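Take a look at the structure set out below.
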Amino acid sequence: MARITASVYTSHVPAIGAALDLGKTAEPYWQPLFQGYEYSKAWLQDNQPDVIFLVYNDHATAFSLDLIPTFAIGTAAAYQPADEGWGPRPVPTVIGHPELASHIAHSVIQDDFDLTIVNKMDVDHGLTVPLSLMCGQPQAWPCPVIPFAVNVVQYPVPSGRRCFNLGRAIRKAVESYDQDLKVQIWGTGGMSHQLQGPRAGLINREWDNRFLDRLISEPEALSQVSHIDYVREAGSEGIELVMWLIARGAMSDSAPLVKHRFYHVPASNTAVGHLILENT
Amino acid sequence: MSLDKPYLDIPGTTIFDAEQSRKGYHLNQFCMSLMKAENRKRFKADERAYLDEWPMTEDQKLAVLARDLNRCIALGGNIYFLAKIGATDGRSFQQMAGSMTGMSEDEYRAMMVAGGRDPMWGRN
Amino acid sequence: MARITASVYTSHVPAIGAALDLGKTAEPYWQPLFQGYEYSKAWLQDNQPDVIFLVYNDHATAFSLDLIPTFAIGTAAAYQPADEGWGPRPVPTVIGHPELASHIAHSVIQDDFDLTIVNKMDVDHGLTVPLSLMCGQPQAWPCPVIPFAVNVVQYPVPSGRRCFNLGRAIRKAVESYDQDLKVQIWGTGGMSHQLQGPRAGLINREWDNRFLDRLISEPEALSQVSHIDYVREAGSEGIELVMWLIARGAMSDSAPLVKHRFYHVPASNTAVGHLILENT
Amino acid sequence: MSLDKPYLDIPGTTIFDAEQSRKGYHLNQFCMSLMKAENRKRFKADERAYLDEWPMTEDQKLAVLARDLNRCIALGGNIYFLAKIGATDGRSFQQMAGSMTGMSEDEYRAMMVAGGRDPMWGRN
């Protein structure tokens, strides 16, 4: 039986990818941020999963306005890093896990989540930056990855509650897979950020930290927070945080072990938050 | 439409909903086209001519030419789409975001290093 | 306030479109079938809606295996009839209703239906054949149409219960639109058919008619029928009938007025079923 | 996978699920390509050469060349995709469906006119 062993939460700011790719990680601006992921890289080495289920959002890369899936699951064999306008990031191809991805799709669609199944797409910084933060700059990513894209670009986006319940359905799906796989689920995006308008650059340190507290201790209550609260308190792009609730919903109901917690301002326009939770 | 749009009262913020999306459809799809290296090259060679290939409004084209991102957003642009213009120009996301705030690049960067914009900004 | 005035249910067999386009409607094979829609054409003339919300499935036309949305709503201004391999059908462009479509998308996504929003697609026989059956061969379709595509090609498809509940959410969405529009909802596809394998040509007249009875009188109970029952009793493509439950769920809770009922075998490989229900 | 697949016991029927879809991916995507008139023309001009442009298995290619739809389905094809081959050949959906039943075209048509296949066919 497959099972979810741990969940990882992290921002996926594109500038972090650029800093890595351009060799700037030791610069004073970036050093404290990458320092915060040193533990995480070691932890991942010691806790290698067989598959990573990676929840992220596409930033007008694979999905234009022609077609906007609320939830899209990748069942392909491989995904190329996208050219987002600066040229593709120099990172490895992402290898998928078609069998487990299809199994999860099958199960959660029967549980009334109306997924879009995707067999061909490029993946943008939303997916590759978390891999870089957790794995550094390897020749190949350490294991297959199932990309799970959430619409947080065009309103309405799915509610926190919907995301949390989806996480639960994913947990059930993983646990019904008959191969003995260790699966990690990663929730990415956030924390506070606003990338647009006169209000750009908003950071709400207090709100972010309260979000981290509640994500650990009372995720179901946290999932009741409305869209408008995210936007008002964490900025227009802070809404990405609903994706963390998918990962959290996939964890077991008992209290998780907090292996790592990190918070830093700034990365480009954004606050960076990071958590590692293990199932006990 | 009589659906609630509770987000209309948030200062300095435009929520990209279906209405904005409709308004900005061709503007945003133009931006998507810049994800191909050959299109970036063609755009840079003659911006106006490239824009004229798209059924955008004149206002949208002028806003793009002026790199006025606030205006682009008012005309239906979404920042993740508009970012492709910045990428084509070789600008960072921080430069793009800062350009919308009325601050200089250095001022904006300094604000971020100092912990970012106060979340109570513009609220009463 | 917009409201749903009536629902129409009909098969969308491609051969019917071909018979119409090639002027074969008076042939003995086809005449009884088209006869069954004479009432319907007159009814539609007398009961012109402002918008038709048309539930259908794409048959490997707009959606390949690269991307399979469970539910896709069209919010575009217009849709072209697709070239399915025989060349495009000689029928009018389908004009959309972006405002109402976006409004419905907004509302039902907030009601936990994970739609995919589509702004660019061609529409195949699943959408155009019902229009032809109900409108004949006009220069232009009588009103705007909102295409709503359901995945019934790759398993798992959404359950009957999910479809029925979606219909209810669509009803609520329509009723919260502040323009005074008469909206018809059409459910298409089915009835019995199997287009593949040694069992091709299966027709279950008794089961189909029981389905029509129950769709009228006890749709919620009918929505509990499992996929496997559709496949076993109505053939592998008989599963299309789940789409009728979306239209039925959008009708008011009180008993509808049965304006027309028609059943015919065969059209090509398929049984043809047809109902017109009015809200009272 | 340990999900129930209760549909595996239905006679003469292949349910197109994710497993079949994966098996038939390139076969089905080849079929989709026939929705363009220029591709239909190229396919008709040299079927084998056109098929060789696709990373399909040799079995899949042979099944297409033989127009053996049952075999195509066993190899992951889906009827709505395969129908594009029939369309390219100028065949109707009834001719395609009938070709899988072991009946002649006339026999199949006559069965349909007489009310179709008995739903108890093949069941015990």
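Which chain is which? They are A, B, C and D, in the order written, and residues in each are numbered from 1.
Methods note: a contact is a pair of C-beta atoms (placed from the backbone, for glycine too) under 8 Å apart; a residue touches a chain by one contact, two chains touch by 3 or more.
Quick caveat, the model's predicted, so the values are computed rather than measured.
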item: Rounded Å distance, subunit C centre to subunit D centre (Cα mean); value: 24
item: Centre-to-centre distance between subunit C and subunit A (centres being mean Cα positions), rounded to whole Å; value: 37
item: Averaged-CA centre spacing for the pair subunit D and subunit A, given as whole angstrom; value: 39
item: Residues of subunit A engaged with two or more neighbouring chains; value: 65-66, 106, 117, 119, 154-156
item: Where subunit D touches two or more other chains, by residue; value: 17-18, 21, 25
item: Category of the chain touch graph - line, ring, star, complete, other; value: other
item: Set of all touching chain pairs, with the criterion as stated earlier; value: A-B, A-C, A-D, B-C, C-D
item: Of subunit A, residues touching subunit D in the complex; value: 75, 98-99, 102-103, 105-107, 117, 119, 176-178
item: Subunit D residues touching subunit C - in the complex, by the definition given at the top; value: 6-7, 10-18, 21, 25, 28-29, 31-32, 34-37, 40, 69-70, 73, 78-81, 83-84, 86-88, 92-94, 96-98, 100-102, 108, 111-113, 115-119, 121-122
item: Complex contact set, residues of subunit A against subunit B; value: 14-15, 18, 29, 59-61, 64-66, 82-87, 153-156, 192, 194-205, 207, 227-228, 231-233, 236-237, 265-266, 268-269, 271
item: Interfacial residue positions of subunit A with respect to subunit C in the complex; value: 65-72, 106, 109-110, 112-120, 154-156, 158-159, 162
item: Subunit B - residues contacting subunit C, complex; value: 1-3, 17-19, 21-22, 25
